[in-house]
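Each of the next two complexes has subunit A plus one other chain: subunit B in the first, subunit C in the second.
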Partner chain A sequence: MTIDIPFMWTAFKEIIKALPVTMMLTLIPLFVGFFIGIVVALIRVYKVKGLLAIANGYVSFLRGTPIIMHVMLIYFGFPLLIDAVAAKLGISVQTQLIPISTFVLTALSLSAGAYLSEVIRSGILSIPKGQVEAAYSVGMNTFQTMVRIILPQALAQSIPNFTNIFVGFLHTSSIAFLVSQKELTGAANIVASTNLKFLEAYIAAGIIYWLVTILVEGLSSLVEKRATSYMRGGVR
Partner chain B sequence: MGKAFDITLVGEFLPQLVQYLGVTLQILAVSTVFGIVIGIAAAIPRLFRIPILSQLVVVYVSFIRGTPILIQLFLIFYGVPALFLLFDIDLTRMDPLYFVMITYSLSNGAVFSEIFRGAIQAIDYGQTEAAYSVGMSDSQTFFRIIIPQAIGIAFPNMANCIISSLKDTSLAFTIGVMDMVGRGETLIASTAHALEVYISLSIIYYIVVLVLEKLFRLFEKRVNRYKPDVVSSA
Partner chain C sequence: MIYLQGIKKSFRNQEVLKGINLTIEKGKVVTILGPSGSGKSTLLRCINFLEKPDEGVVQIGDVRVVAEKANKKDIMALRKQSAMVFQHYNLFAHKTVLENVMEGLIVAKKMKKAEARQRSEQVLERVGLSDKLNYFPSQLSGGQQQRVGIARALALNPEVILFDEPTSALDPELVGEVLAVIKDIAKEGITMLIVTHEMQFAREVSDQVLFMDGGVIVEKGSPMEIFTNPREERTRKFLKRISGGLPVHWIQKTAY
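Up next, the complex of A and B:
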C-alpha cells in the first residue's frame, strides 16, 4: 500500500463540502451553551438556594463523563422520553421523524453549557472585588454591576479559554459521525470506504481540521487584542 | 431501541462492564507514562532552542492540537501498518489496543510538552541565579531547584489532561478495541438495550473521574506543601 497523493486532493475537495455541517455542529452548541453557561455560572457565583445543588451536579456530571456518552444518552433516551410524554398526553408524535442532528445538537449544547459555565465562572471570579465596590459606590444596582462592569471584563479575559473550548468542540463534533452524521469525519469515512483509500481520506480530513483550528486561533488572538485593549498597562 | 426501558438492567450491566475498566485504565496508564516521556523529549528542543528539531516539535504539537482524537486514531490505525509495510513488516493482524496506546501517547505527549515548557519557563530566573550563587552546578540547579518547583506548577494541568484523556479513551472502540465501551457495544448488539448500557457506562466513567480528581487533589497538596497558603484579602 502506497500513499496516493493525487487522490488526497480529490478526497480533500470531496470532504470539505461537509465543513458547513461541522461548523453548524460546533457553532450552534456553543451559542446555546453560552447562555446555559452564563445562567449556571451566575447560579454558582451567587449561590442561589435550591438551584445551586442542581447547577453543581449538572456541571460535575457533564464534565465527568465523555461527551460521546451525552450524545448516546440523548440519542437513545430522548425518543423514549418524548414517546412516554406523548402517550400520557394522548398525542401521537413520530419520534422516528425527528432528525438525528437535533439530538446531537441537544447533547453538544448541554455539554458546552457545562464547560462554558466553568470558563465564565472563573472569569467572573478573576475580577477584583474593588470593581464591584466601585460600581456600587456610583449607585449601580447588582444587575447593572454584573452586566456593565463584571461580565464585559470577565468575558474579555476568558477569550483564550473560549478559544480552547471552541477548538475542543470543533474536534468533538467529529463524534457525531458515530450516529451517522455526514460532517467532516463522516464524509471522510464515506470517501475512505467507497474508494478503499482510508489513510488518504483521513489525512485530508485531518488537514481540514488543522487549517480551521489554525484559522480560529489566529482570529481569536486578534479579537483578544481588541477586547483586552483596556488593560494594556501603562504604555499605550 | 426496540425494547422498553428497564432501569433494573443497569444494575445487571454495571458488573459486566466494570470487568473491562482494566483495559480502559491500562490504555490511560500506558499513554500517560509514554506521554510524559514524549513530552519531556519534545519540550527540550524548544526550551534550549535547538534548530530544526524545535520547528518539528512546533508542527507536531500544532497538528495534535489541531485535529480531533478520532482522526488521529484513524491515521495511526491505517498509517502505522502502511508505514511498516514499506519495510515488509505486516502489522495488519496486530491488536488494535496497541494502535490506541500509540495514538493516546502521541496525543498526551504533545499536550504534556507544552505543559512542561510552560512550567519550566514560569520559574523565575532569580531561582537559577540563587542556585549558582550557592555553588550548585547546572544539573544540580535543574534537578534540585527548577524541576521540583516546575512539577508543582505543571501538576494541576497534567491532572486535567489525564482526566480528559480518560474520557477520550471512550473513542477507542471505533477501531475495534474491547474496552468498556466496546463491551457495551456488544451488550447492545445482544440485548438491544442501548440506553441502559450507556447509563451504566456514564456511571462508571463519572465515578472514575471523581476518584481521580480526589487523588490528584491530595497529590497536589503534597507537591505544593512547601508553598505558604495564599490568603486573599478580598
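Up next, the complex of A and C:
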C-alpha cells in the first residue's frame, strides 16, 4: 500500500475551502447555544416554577440522545411540522426551499444549548455562596448579584469547559455531511470520489481539524489566564 | 435603632430562635456571646433577612418588616438599612479592594462613580489600606481582607453594622489589627451588633452584652455586670469554660 503524498496536498488545498462552512456550523450553534444555555441554567439554578420541568426535560433529552439524531429529527421532522402548521393557517410554505443548513444549525444550536447550560450551571454553582450573601447584604438585588458578581466569575472559570465544548462541536459538525452539507468531511469525500483515494483525503481533513483545535486551545488558555488572573493574585 | 419582636426561626424541626425580643438604641455597640449553636449568628442573619424569620417583626431605623408578610421590596429596603461583616470576609473575588467597596455604593445606592470612589478611598484609608486599593482579595492576608470587609460595610453608612464573628477565621496574630479597626469605628457612634468569642474585646467595646443560649437571650447587661457578676448559672458556666478552665475571676481580673 502506498500513500499518495502529492494528492494529499492537492486534497488539503481543496478541502480547506470548506473550512468556512465548518466554522459556521460550529460557531453559530455555539453562539445561539450560549444564550439558550444561560437561560436554561438560570431557570434550573433558581428553580423557576413552571419552566423548571421544561428546562430539565430539554437538557435530559438532548444530552441523553446522540447529536446526529437531533440533526435527523429536525431535518425530517421540521418540514412536516411546518407543512402542518401552514395548512392549519391556510398559507402555503414551500419547505423544500428552506436551505438545509437552517435545519442543521437549528439542531446543533439546540444540542449546544443543552451542553452549554450544564457548563454554565456548574460554573454558577462553583461560586461561593458567601459572595452572594455579601452582595445581598450591601443591598444588591438578585439580578444585580447574578450579572455583576456571579456570572463574571462563573463564565471566567468555565473557559476550559467552553473550549471542550467548542472542540466537541467542531468535530461534531462533520455529521452535517450526512444531510449533504459540504463542510470539511463532506469536502474530503467529494475530493476523494474522483480517484477513490479516501485515505489521503481523510488524513488531509484530519490535519485541518487538528490544526484548528490546537489553535483554539492555545487561544483559550491565553484568554483563561487573563480572565482568571484575579484568582492568582493578579498574575497573568 | 433596631427593634426585634418575637423572632422565631426553625431549620427542619430544630427551633433555633425561640422568640427573640430586643431593642438597641441608636449609636450603641452590643455584643452577643454564647456557645456555638445557641442561635447568635442566625439572629444576626435574621436581621437582614439572609435567613427569613418564621415569625416576628424586624425594624431598623424607619423600615419595619413583618416576617410573615415580607415581600422582596420590604427585604431590599431593610437590607439597605444595614451592612454586614462576615466570618469568612466574603469579598468579591474578581474585584479589586477599591471595587469591592465601591460596588454597593454604585449598584445599590446609585451613587455617582466619582463620588463612590472618593468615599471608598476615604473609608479604606480609615482601615489602613490606602496602599492596597488595586489589589485583589487573593493578594491580601486574612486580616487585610477582613478590613476590606469592614470598609465595604462602613462605606454604605448604614443604620447598623452587623458583625458575624469577624475574627473567628483569622490567624491569632491578625486578630488584633481587625479588632483595633472595629474599636476605632465604634467610637464614631455607629450602631453595631457584634457576635464574637473575643471576651476581652467584648468587654472593652460594648455598651451592652447579651448572652444567648438555646435560642433565647438568657441574660443582658453592661459588660461589667455580665463579666463580673453574671446572674444566670448558664452565663457563669459559659464564661468559665471560655476562660479555659481557669476560674471566672481570671477574666474579671483582666477585665479591670
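Here, the second predicted complex is superposed on the first by the 231 of 236 C-alpha atoms of A that agree within 3 Å, B and C clash if a C-alpha of one lies under 4 Å from a C-alpha of the other, contacts with A are read in each partner's own complex, and residues count from 1 in each chain.
Just so it is clear, a contact is a pair of C-beta atoms (placed from the backbone, for glycine too) under 8 Å apart; a residue touches a chain by one contact, two chains touch by 3 or more.
All values reported here derive from a predicted model rather than from experimental measurement.
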Q.
One more residue to check, A:128. First (subunit B), second (subunit C), both or neither?
A. both
Q: Would you check which partner chain A:6 touches, where first means subunit B only, second means subunit C only, and both and neither mean what they say?
A: neither
Q) Given the touch rule stated above, what does A:209 touch, subunit B (first), subunit C (second), both, or neither? A) first
Q.
Once chain A of both complexes is superposed, is A:72 in touch with subunit B (first), subunit C (second), both, or neither?
A. first
Q. Touching A:90 in the superposition: subunit B (first), subunit C (second), both, neither?
A. neither
Q: In the overlay, work out which of subunit B or subunit C sits against more residues of subunit A.
A: B
Q) Do any residues of subunit A touch both subunit B and subunit C, and if so, which are they? A) 128
Q) What residues on subunit A touch subunit B, complex-wise? A) 1-3, 60-61, 63-69, 72-73, 76-77, 79-80, 128-129, 167, 170-172, 174-175, 177-178, 185, 188, 198-199, 202-203, 205-206, 209-210, 213-214
Q: Please name which positions on subunit A make contact with subunit C in the complex.
A: 128, 130-131, 133-141, 144, 148-149, 152-153, 156, 230-234
**Q.** Footprint of subunit A on subunit C - complex, ascending
**A.** 48, 50, 72, 76, 79-80, 82-84, 86, 88-95, 103-104, 107-109, 135-136, 138-139, 149, 152-153, 156, 162
**Q.** Touching residues on subunit B, where the partner in the complex is subunit A
**A.** 1, 5, 62-63, 65-72, 74-75, 78-79, 82, 85, 167-168, 170-171, 174, 181, 194-195, 198-199, 201-202, 205-206, 209-210, 213, 234
